[in-house]
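The two complexes that follow have chain A in common; it is paired with chain B in the first and with chain C in the second.
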Partner chain A sequence: MSAVKALLRKELRLELRTFEAIPAMTLFSIITFVVFHFALQQDTVEGSLASGVLWVTLLFASMLGTNRLFVADTEDGAMDGLLLAPIDRTALYVAKAIAFLTFLTALEIVAVPAFYLLLLGPAAGDAIPGLLAILALANLGIAAAGTLVAGLATQTRSRDLLVPLLGLPLLLPVIIAASKATAPLFAAGGAEALPGRWLAVLGLYDLVFGLLALAVFDFLLED
Partner chain B sequence: MRQTPSKAVPAIELHGLERRYGDRPALAGVTLTVQAGETLVVLGPNGAGKSTLLRVLATLLRPHGGTASVLGHALPKEAWAARKRIGYVGHDSMLYRDLSGRENLLLHARLHRVDEPEARVAEVLEAVGMSKRAGDTVHTYSRGMVQRTAVARAVLHDPEVLLLDEPRANLDPGASELVAPLLAGRTRVITSHDPSDADTADVVLGLKAGRPHPLEGLYA
Partner chain C sequence: MYGKGLRPLAIVTCVVLTGAFALAFFYAPMDADQGLMQKIFYVHVPMAIVSLLGFVLGAVFAIQHLRTGDRRHDLRSYVAIHLSLILGVGVLVTGSIWARAAWGHWFVWDEPTLVSFLIVFLLYCCYQPLRFAIEDPDRQARYASVFAITAGAFVPLNFLAVRLAQQYAHPRVLGSSDALPPKMRLAFLVSLLGMALLYTTLYRFEMTAKNTRLRVHSLKRRLGGDVVLGRSAAPR
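Moving on, here comes the complex of A and B:
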């Protein structure tokens, strides 16, 4: 646990010092919402279209963050320094995943209000409690799978290509479930009830990928 | 903190060690024994396999053949136990360039569960003459300062075995003298291009194309 704490502190300190991941993800999301705003030629969107726009944008933004996750570790052999430490290597995964979860949360604190402003009407305000629950569950899945993919890709030379090629298909279930769960919240007549089935799918995905990553991450870092 | 090395157990024991990169052999047929407290100097031209040997001993690379043990811990099976007792200075600094020297060392001290990490970090930074710049980010350091901080990182947990890949690279004579006491009193494996380094060794290994080679004609 102390190793996770030390590694997490390092991750957050590096991001606060370099501001490489969160600003990139946030700016990408806002620009994409602006593009959708003009491309759809509608002042507001609703239902499954609104849900799709939100989740596709957040998914692509999360890919930017996934790509950056291990960049500092690959410079100057810093990862070797971590691998030399007598720690359980799953601590590296847990610290990265928690840091990524923090980055995603920071992204959404800016991106979701921007989405409301640019593409949703003020009437969609009653969707916020349900949306927060979906965002929390989806973030867990994106962080669990994204960190695993980033860890795998960092061992290869084609990291920039491998992350989206592996990450997007792996995260498809999250996006489907999150979009389906969110669509009723953005219904034209006001937010409808949260569909429990899709929340359960998100929860199951989080559990499966969390356990899978804990089981295989040590192996991924082996020579 | 440091465990007492047993005289009965060699610090390093290699029998027919092999390591490949794809189909290309990087190490083959390396056999040697280094007793506790001895210094092994590995000499050889570029691409001879010196760094690969150190990375195998550091548990960063798996042996592909033969056997390797460090302080009685068979590699790679008991790598976890060996890591507590090994310090490694490689070609790369293994430091985060956007963290300060002190932050880097504190991270490693905590990962190695060093007692009173702040005090130990201050002690080794003082020993390598980096106290004044300890709060600056590593990317502002000169190459010599980075190397001194890398040495400080390697000895933080007071390892019994030090693996040093050309440790004097980037160090001026004054800095070399400064870090020398930190490196002394341990079993050391030092790679070098300089044949005169063999004079300070208890055991010398010449490597050429990954294979043991007599020192005569090593650079021919």
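Moving on, here comes the complex of A and C:
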């Protein structure tokens, strides 16, 4: 536990000092909203279109973060030190996943209000508590699977190519569930009820991939 | 030495597959709605089932590889996934042809099984690029196994999510196999057996070829010659 805390502190301090991942992710998300405005040729979106725009943007922005997750460690040789340290390898995964979760939360603190300001139609309903629940569950899934993908791709020659190739199909269930759950919240005639079924799918995904990643992550670091 | 029993297996496969197609065409009744086009069902569905089982098999071998550290399990996992991918191309092609004939479109988004299969196929397409991108053979084997296990767990989860997403899918033209009339069901089961045998034969063939090549390499090395290994993502 203390190992996780120390590693997490290191991750967050690194991010606070370099400002590498979070600003890139947030900027990317805002630019993507602008791109969507011109590509869809619509001033406002609502319903399933709004939820699709939001989730595609968040997914691609999180891919950027996934790409950077292990880069500093492998490039500057910190990984060797971490592997030599007498700690459980799983602690490394947990710390990385929590750090990634923090990055995602920071991204959404900027991206979701920006989405409300820039694109969401005035007639579209909004239900903040429901949206927060969906975001929290989806973040857990993205962090669990994304950290595993980052670990898989980081030692390869074509890391930047492999992360989206592996990550996008793997995260499709999250996108299906999250966008299905968000669509009624953004419905044109005011927010409709939150479909609990999709929250259950998100929770199941988080559980399966969380446990799976804990089980297999050790093998990525055995050197 | 490696290919023992391969010839009888291949012959049995040919016989069963031919028998299955004969049953499908001459024994099973014509579908009332779709007529002759429905016969593609006897190729498409068994192929899809066998291909998905092959992915699961790859995950099982991968678990064994990580548990025992025996590289032969990695080779088995690789071959299983490789063959499933090849069958997967067949599934998508026959599925498109069937969809075009039955519904008028090459691809239909409200058919959950087809969509799930496409997603699974796209994920497994990354298996070989991932292997190619890692130089060290030991690490390559471990990473590939981790990928195979992750993707194996992803398959049922993905099917669940996609199926739930299409709750208003149009009525299934062909339900599950127990809803089939008995004659069609027999033809279907024989086709499934034939396809499974085909998979096994191809699997044994590739394993034999790989093992023989490894043996030749090691013999050559012992003779002191230079061995030029091809650039391949396959385990060595």
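By definition in this document, the second predicted complex is superposed on the first by the 218 of 223 C-alpha atoms of A that agree within 3 Å, B and C clash if a C-alpha of one lies under 4 Å from a C-alpha of the other, contacts with A are read in each partner's own complex, and residues count from 1 in each chain.
As a convention for this text, contacts are C-beta pairs under 8 Å (C-beta built on N, C-alpha and C of every residue); 3 or more make two chains touch, one makes a residue touch a chain.
What you are looking at is a predicted structure, and each value in this text was computed from that prediction instead of being measured.
> Following the superposition defined at the top, how do chain B and chain C come out on chain A, clash or fit?
Aligned on chain A, chain C fits beside chain B.
> Would you sort A:E75 into first (chain B), second (chain C), both or neither based on which partner it touches?
first
> After superposing on the shared chain, does chain C or chain B touch more chain A residues?
C
> Which partner does A:E222 reach: the first (chain B), the second (chain C), both, or neither?
Touch partners of A:E222: chain B and chain C.
> Does chain B (first) or chain C (second) touch A:P86, or do both, or does neither?
Touch partner of A:P86: chain B, not chain C.
> Look at A:L14 in the shared chain and tell me whether it touches chain B only, chain C only, both, or neither; answer first, second, both or neither.
First partner only, chain B.
> Looking at A:L204, would you say it contacts chain B, chain C, both, or neither? Reply first, second, both or neither.
second
> Considering only the touch criterion stated at the top, classify A:L170 as touching first (chain B), second (chain C), both, or neither.
A:L170 contacts chain C only, not chain B.
> Who does A:Q155 touch here: chain B (first), chain C (second), both, or neither?
second
> Going by the contact rule set out at the top, does A:A6 touch chain B (first), chain C (second), both, or neither?
First partner only.
> Please work out how little space separates the C-alpha atoms of chain B and chain C at their nearest point after superposition, in whole Å.
In the combined three-chain model, chain B comes within 5 Å of chain C at the C-alpha level.
> Residue by residue on chain A, keep only those touching chain B in one complex and chain C in the other, then list them.
222-223.
> Using the touch definition up top, name the residues of chain A that touch chain B in the complex.
2-3, 5-7, 9-10, 13-14, 17-18, 72, 75-78, 80-87, 222-223
> Taking the complex as given, what residues does chain B use to touch chain A?
Interface residues on chain B, with respect to chain A: 58-62, 80-81, 83-84, 86, 88, 90-99, 103, 107-108, 110-113, 137, 153.
> Inside the complex, what are the residues of chain A that reach chain C?
That would be residues 148, 152-153, 155-159, 161-162, 165-166, 169-170, 172-173, 176-177, 180, 197-198, 201, 204-205, 208-209, 212-213, 216, 219-220, 222-223 of chain A.
> Along chain C, where are the residues that touch chain A in the complex?
For this pair, the touching residues of chain C are 66, 119-120, 122-123, 126, 129-130, 133-135, 139, 142-143, 145-147, 149-151, 153-154, 157-158, 160-162, 164-165.
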